[in-house]
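Two complexes follow with chain A in common, the first pairing it with chain B and the second with chain C.
This part shows the complex of A and B:
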């Protein structure tokens, strides 16, 4: 029997589900090797019987917490896709404001009706087996992970910083151009796409394991960023991690 | 007499989370609601305190489907605040990426999200077996739009290259020539799509309403012009709050809007109804072949208007590439003098008119933001359409009523996560 795949969206822009629909030949290949049984953005049918669950979006309500626990119980393998699910992503920017007050101001008397909690990644609530990082998720990494899972292998995900790929791409270092970047502590796998296309690394693929964030902060300070600007830089995508607190 | 209880929890094949509730007994409608239940994301709070160059990176993350529209609108709001007038080259490239945005979103919508209803299946996936040529054509058109976005933006979802007053990287002439050839070839696929649409049965239903879209005397407007209403004529973008009049309803985490009547509609059909005379000859021809005539009051025809626009933007992109190649692409350094003040951006997102309104301090740090999302403006129209449609179809079997209501929601192509992300947050 073909493995049964399910896609579930939580709080996010749904860009990662769109990236799945944006595959061309790969999408046809996946359909021939597996059955997609749940994908609300693309299909009407829904099934609770699945092997691999792909989760995009962050957990931001109590309802989300209950729903992700239920999915975890049903799924044999759970894969977080995209920055919101993997690291909390830009949703965590709201965590730095007093939510109760914001809610009351927005909804007034009905504030109790709206359920919102500080945004968090999926693995803050349930164990996650595999991650496809990036905002939006890196498409080649998704293919790599799906192929590995369908053939029963373990996907290899880089655990070195974006700087390694950036040098291999032949880019001039962002710091040399007088700008700043969090590539030195961000997990590679994107081929330094943003720097290659003329911009800087914002850290959307999350931190490498054991990142030297103190030294990164020192470098940013050396390049004249104020402590507030340094924190703002880390909060863009990494608001849930210690480095942004 | 029969009892009808329809409760569609999380309508499928739309972007975001919405519910349909209909309870009727003996021909009396007791409850009929379009509910928006997306988790609010407090985007204005996310943008607050960020410098303008971070703002234009965060803003596209409002929506994965129309990130290029939010990016463009955000950049325009910054430029408007700082008094920047971008170069002709920047404007041409911005229009080109915008054609990619419109084509990408429309093709996704009418092939992946709507066509399954009209072909009697639950998703595009079974069509791989039964209508393989159609699926391959849809994938080909989508890939074309995505590749065009890649060339100009560096990435199709959440663009990298577009900046305030310019682009971080320019496309290469050979890339533009290659994609132009594919755009020309795509006209055959568009014609085949028109032929396919002719065979589909689009539900007949009309409710007279007001249509609002951007209008520019020089061309069919997507990223320029004034606000135009089929009821009240044009008004400058600076007066957008007078047009949108957002208000809250208890069953929805998104805001609703109204202007001259009880509701108004935005999107492809609203643009067509306001600006159809400015379409290209081939787009006009397609509209005629498919029976789309201004002013059209059938919301289900929005999908036809999208196809007509897809043809228009493809021809428009071919023309823009000719202009860019003829003048030659040159590196231009953005010239940004940050100053305190307010700026408004207005664009036609694929789903309709979109506004970003920012206030910056003298360092270019965002103090306040208000974003008015097309889908918010359509929520009220969906509700009013429900109220007009249901009495006409109440004698049909329950599953047919349910399908017609779901199809109506999908026809609007709502982007619910966008709309709920944009609840205005006011800080004391």
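This part shows the complex of A and C:
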């Protein structure tokens, strides 16, 4: 029997689910190998009977907490897709303000209708089996995880920094161009997409397993970033991790 | 060795002649840096450069390469896959040629690597002497500032003309077919020697130990506190090894089509500086800590390669020095620290 897939969105832009729809050719292969039974962004039908749940978005309300626990109970396998679900992502920028203030800034006088809690990745609430990192999620890694699920193999997700792929791509280091990035502590797998296209790395794919963030901070300081600027750089996507505290 | 001379005027027709016959990669400019890339005409080519971002290694051992393809089904079929289109690499500096000689030794050893060997057979190397070395280079210390082997042709800019050393029959054939040259005179060769010596004086870095001394210097200092000191700053980002012309390690993985009808086996560059490099199937990691990984790289360059292949694993190009943000990858600094401390 084909595995039954479900997609659920929490707090985020839903861009990662859009990335699934953007697959086109691969999407047809996925559909022929599996049944998609719940995908609000793409179809009307809904089913609570599924094997594999893909989670997009961060956990930011008490309602989210209850809902993700329910999904975890139903799903045999739970996959976090995208920076918000995997590492908290930019949602965690709000964690550095008092929650009352966050509510007031966003909802003004209607603030009392809403609840909010500090943003957190899915695995801060329930166990996650696989991660598809990136903002938006890295498409090729999504395919890799799907293949792993279909074949019963462990997906090979890079545990080395973006620098590896940046060098393979033949890029000039952004530090040499007078800019800075957090690529040296960020998990590769994106083929150094941003740097290859003239930007810098902000760490959307999360930290590698054993990042030398002290050395990275020293280097950023050496390249004239103030302590505040260094923290701000890490807070963009890595606000939930120790490095941004 | 035979030497010819080609004028700078006759060089463009020579290169364009090569281009009419075979793929040519050469050095191009990019934002003040240099890199090897396919050229379509002589005008794109730069022959006076200090060092390229990535060594020409990428044409012999691509960063990512398919090794075989397989189809699944009733009868599983497996086909080896080798992409080895003929190619000229034009403008290779002597240190990179020395590095290719080391790669030749590695990949032809005991169990020859079919993909590498076929690509190597189909690759013509046209070298050029480096007149303006990178500030990070220390080739004279490693004996790699010039070379008399490892190339098909080797150019030396002597002003209005290039002396062309002929290193192989293939090189001679290409030169005869596409270039107007004359035989080099004693005076040309004297000028070639002078140009090479002039370049030697421009290197800024040097190792205080003799090359022959390095393996033993390392062995004596296996437990030196230097390794831990450097490792504390190490990002384990692999940059030093990714840009290294003598780093040849790769990881092999299988991938399948989404419809599970077939797949392919590929390899990609790996690095002993990365945390997972020495991790084996049981989960054991033989070099889990940064210090042992960092030390391993220095030992591989300065000791292990020599023991196994009779050549040092460093050619002094200095790319690692430029690539390391933490400023801890310099063989010059490491060896000199050990030398001073011993």
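The definition used in the following text is that the second predicted complex is superposed on the first by the 234 of 245 C-alpha atoms of A that agree within 3 Å, B and C clash if a C-alpha of one lies under 4 Å from a C-alpha of the other, contacts with A are read in each partner's own complex, and residues count from 1 in each chain.
In this text, a contact is a pair of C-beta atoms (placed from the backbone, for glycine too) under 8 Å apart; a residue touches a chain by one contact, two chains touch by 3 or more.
It should be emphasised that the depicted structure is a prediction, and the values quoted were computed from it without experimental measurement.
Room for both chain B and chain C is found when the two structures are superposed via chain A, with no clash between them. One of chain B and chain C touches more residues of chain A, and that partner is B.
Of the two partner chains, neither chain B nor chain C is touched by A:69. Contacts of A:2 after superposition: neither chain B nor chain C is touched.
When the two complexes are overlaid on their common chain A, residue A:161 makes contact with chain C while staying clear of chain B.
The superposed model places chain B and chain C at 110 degrees from each other around the C-alpha centre of chain A, with the value given to the nearest 10. In the superposition on chain A, A:13 contacts chain B only, with no contact to chain C. Within the superposed three-chain model, A:94 lies in touch with chain B and out of touch with chain C [touch as defined at top].
In the superposed model, A:210 lies in contact with chain C only, and not with chain B. The gap separating chain B from chain C at its narrowest, counted between C-alpha atoms of the superposed chains, is 11 angstrom. Of all residues in chain A, only 26, 29-30, 32-33, 143, 146-147, 150-151, 156, 159-161, 163-164, 167-168, 170-173, 175-177, 183-185, 208-210, 212, 215-216, 218-219 touch chain C in the complex they form. Every residue of chain C that touches chain A in the complex is listed here, in rising order: 30-31, 33, 35, 53-54, 58, 63-64, 232-239, 242-243, 253, 255-260, 268-269, 271, 274-276, 290, 323, 325-326. The residues of chain B lying in touch with chain A in their complex are 10, 12-16, 39-42, 45-46, 49-51, 54, 57-58, 61-65, 67, 108, 112-113, 116, 122-125, 128, 139-140, 142-143, 146, 154-158, 160-161, 167-169, 250, 253, 417, 421, 423-428.
Residues of chain A touching chain B in their complex: 10-19, 21-22, 24, 27-28, 31, 36, 39-46, 60-61, 64, 89-91, 93-94, 97, 102, 105-106, 110, 113-114, 116, 135-136, 193-194, 196-199, 202, 232, 236.
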